[in-house]
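Note that chain A is present in both complexes that follow, paired respectively with chain B and with chain C.
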Partner chain A sequence: MENDYYVCTGCALLCDDIGVELEGGKLNKVHTACRKGFAFMKGCTNPMECAVNGERTDIDSAIKEAASILRNAERPLIFGHANSSSGAQKKAIDIARKTNGFIDDTSSFCQGPMVEAIMEGKLKTCTLDDVRHKADVIIYWGADPANSHPRHMSRYSYFPRGKERQRGWEEDRTAITIDVRKSDTAEICGQNGFYQIPVKGDAEFMDAMVSALSGKIPKTSYDLDKKKLLELASILKKAKFGVIFAGLGMVYALDDREPLYKLMDKLNSVSNFHLIPMAGHYNMRGFNENLFEETGYINRVKFSGEEVLHGPEYSVVEALRQKAVDAALVIGADPLSSLPRSVVRYLEEIPLIVIDPCHTLTSVKANVTIPCGLVGVETGGSAVRMDGIEIEVKQIVDTDRLSDEEIMTRISEAL
Partner chain B sequence: MGFGQFLSAPETKLRIVTYRDVFQDSAKVASIFGEDYEKLSAVIKLDPQDISKLSIKEGDTLILKNSFGKVIVKALNSGYDHSHTGTAYMVNSPWSNALVPEDSGGTGVPDFKDFEVLASSAKGGKVTGIKEII
Partner chain C sequence: MASVMEIYQLLPKTNCKECGKSTCMAFAVDLLSRKVKVGDCPPLVREDKYKANYEKLSGMFTPVDNVTETGLIVHADKCIGCGNCVVACPVNVAADPMGAGSGKAPTCDRIILKVEDGIVKAMNVQECRRFGENKILCVACIDTCPTKAIEFV
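Right after this comes the complex of A and B.
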């Protein structure tokens, strides 16, 4: 085995304890990674080819064609970025600026609201290392890390024996799941640690928790075990270091963040609570931070000369629905897989460029496909973990494919 | 072809809630065009009472449709110990996304995890392939 550890880019945990074995310059074995990380690092069975209008071509011609499409567009969309290195993301922002384009990422229909609130200082947060060493009450809210981030509970949030949690999950930690169904994570938390709520019942549950924490009788329009909720309030009040992992179940259920702000304020008036968004893709948070640094916004931006426009009308969903863009470059994402079919149908009507290591549903419809190296295996770079910690990612094997950052640099230069 | 082919299948309105599955997600990473991914994605998990109401057996195929799309998926018993009649679960995938309403109310966030479909037996019809969806 190589005497070195590598970073898995399979999800936003960016586990940095991955062992590998090489054979003939190729990755032969992957140790420590979860099922998803292993699949990611081993690489897909359908690598993407370099092609223009379905005809295989060389990288120079593909980059030239991509630049031509973007140059001729009046309002291109530069979308994706969640599975891209930070270097490639910064170049994508340059390209959007140069072309007066829209730029958005997957956080736009995912964890954007939570990341935005954290970056604006509206929600108290902490690192996963803090959780590992200190957390005694852990809430998975609308989140199922057993499936979405398989090493989350074992590496950071529940099972580890941290510096201040030497007795581990058996005595030192209490795990709670709040969800609309009994997920695999809820099974781990046990019957006493599972609070089932109706679909979109999250805001009311938050209000009820605030009441219970204030010593009042909690009320909801749906059936709720008031005694169990008062017991929960008692557990939360006694927490020395609490953390809420906010999943998409919570994000999608809230029409606005006020109920969450009220709950976090209340929790922090009686104990000590933090929130970490369960970002899925390995560098979604990185894109949010990179764009925020450049523009003051984490996503949904349109450049217009010196002006930076921002709002839901510049989101990928609304831009495609309203047919507001006239070309698209997709990197590190697969909108045809992850967005409603009725929304992404418009991508077939405009010139489309896809940059990815593998064939995707979106690449099937692309005019230009440019394969890049798989970040974390074939190329290095940096990325930002779900808790905002920057992680350096090393290359493991050689490749003749360009990195995502090199491709974006060359497209930017060709503009 | 049996006599049943000529009878209209009972239709039931279902509220769909989507979720994540590590096995399906890993299959996607290996190949989104692969058989494993389709097998693990093109499914709907139902309450046993809804399976009865639809006059189907576990493992039969169901047509799911609404004004945004139509797919055929395999029906499975959810196995949950609580009753959830009228609510069914689909793993997040292009099959569920074919049915997600496009209108986000101007927010830019469609209702990925909560939408309605009309379900009826596909009477042995094949599961919709990934290439038919795109």
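Right after this comes the complex of A and C.
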């Protein structure tokens, strides 16, 4: 059996136990990776070519053109980063600093608020290995790992046996789903482990849980089985090591994080609870940590000389809506697919550079496209898992494409 | 999965014996355990009035390959390779507690389920708890599957 393991960069779980069989310098078989990871590792069906204004060119002139676009811009936007290695992210921050640009990543409209609260120490967190070895109560809140992170439940959170949870899911663990619909994850948790709430009902549910945990009768404006909620409170109270996986459903439903802080405080006064954000792309958390180290903010930053500006007006959505930027470099993201058309339409009006292994909707509209190697398959690097653990990513196959880090370094040097 | 009565209701119910079975009910039982195919009932294929029923039954019994001796079928189109069954399977846990049983890559060859190219593959089926003299109706892999991609026939 294969003992040389590789890391899958299909999602933020960064599973590091992937076995591969090569044939003729290409991936032939992939062991242990889920369907999502396997599809990601197989590479793109439609690789991007190196082009300037739609005409094929060599990599040197594309990099030169990209650098000249950035040099001539007064306020460029450097966006993406969630699907690029940590090395490339650091170079991107460098480029933004040199060009007085805006820098933002996908966490700005994704898990940013949760990661921010964790980095500022406002929420208690733990690692996924702690979850595997210790967790006995696991709550998936507004998250559906069965679809978004297929190996989440089998590798870390629910099914595996751990040091302090030798009997695994059958006896030692309780899984609970709180969601607006009966997702595939909820199916696994069963009828007793599923709490259905209305859309935007999360904050009220949190308040009701705080009441239930204090021994009061929980109240909500929507119909909710009070008895079931009190049962949930008693499960949570008995937990020795609880963990909440906060999905996008929770992030989008909360207008501010106060109800969550209150709930976490209450949970930690009666038992022991942690929170892990369900980051989607494999290195979103990495960008947050890298930028936090450099500037003290996790996203939505604008460099202005020595000064670092931060605020919602510097987010990618606002910068594009206000037409505050005059050029854009997109690396490891596809804003044209993930953001509303009304916001991203402006990207077509300004010079656009895209660095990605595959053709995306964004690259179709780009002035300069620079293909890079697929991190985790064609190139190595490092990335940060959803719980904040740094993972070294190894190269599996050889390629003639440059890594995203090399491309960013060369653009930075050309500036 | 449909019950034997549901299948029976869709058959001609004439007990014509053309299929070689003594009754339509016997055919329904064999169909459920996939010993015969839907097309093995001649009147169902031949006569127009059964056309709707024939199509319905064909939809229920999509052709499957690789049915193992224990009757385990993995529907490759539904499987997402999450590995829940690999970790939950009691035989896997006994054979490989530190690998497959702990959610990591398998470290031995005696396991019966593993993920390959993003889809679960069955091997060493003779080790399955549903096989052999002391077989029991273990459902660990079915219960834990989020997409209902595993089925026993």
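Some points to look at:
Convention: the second predicted complex is superposed on the first by the 412 of 415 C-alpha atoms of A that agree within 3 Å, B and C clash if a C-alpha of one lies under 4 Å from a C-alpha of the other, contacts with A are read in each partner's own complex, and residues count from 1 in each chain.
Everything below uses one rule, namely that a contact is a pair of C-beta atoms (placed from the backbone, for glycine too) under 8 Å apart; a residue touches a chain by one contact, two chains touch by 3 or more.
What you see is a predicted model, and the numbers here were worked out from it, not measured in a lab.
When the two complexes are overlaid on their common chain A, residue A:Lys29 makes contact with chain C while staying clear of chain B.
By the touch criterion defined above, A:Met153 reaches chain C but does not reach chain B.
By the touch criterion stated above, A:Val343 is placed in contact with chain B alone, chain C being left untouched.
When the two structures are aligned on the shared chain, A:Gly162 is found in touch with chain C, with no touch to chain B.
When both complexes are overlaid on chain A, the residue A:Ala39 reaches chain B and chain C alike. Of the two partner chains, chain B is the only one touched by A:Leu361; chain C is not.
When the shared chain is aligned, no partner comes close enough to touch A:Glu116: not chain B, not chain C.
Contacts of A:Glu406 after superposition on the shared chain: neither chain B nor chain C is touched.
Looking at the shared chain after the overlay, A:Val199 reaches chain B, while chain C stays out of its contact range. Judged by the number of chain A residues each one touches, B leads among chain B and chain C.
Common to the chain B-facing and chain C-facing surfaces of chain A are residues 34-36, 38-39, 146-147, 150. The touching residues of chain A, counted against chain C in their complex, run 1, 5, 17-19, 29-39, 132, 146-147, 150-151, 153-156, 159-162, 168-169, 184-185, 187-188.
Chain C contributes residues 79-84, 86-88, 93, 97, 101-109, 114-119, 144, 146-147 to its touches with chain A in the complex. By the touch criterion stated above, chain A contacts chain B in their complex at residues 10, 34-36, 38-40, 42, 44-46, 108-109, 144, 146-148, 150, 180-183, 196, 199-200, 248-249, 252-253, 300, 312-313, 315-318, 321, 334, 336-343, 358-361, 364-365. Residues 15, 17, 19-23, 25-34, 68-69, 80-82, 84, 87, 89, 93-94, 97-98, 100-102, 104, 106-114, 130, 133-134 of chain B are the ones that touch chain A when the two sit in their complex.
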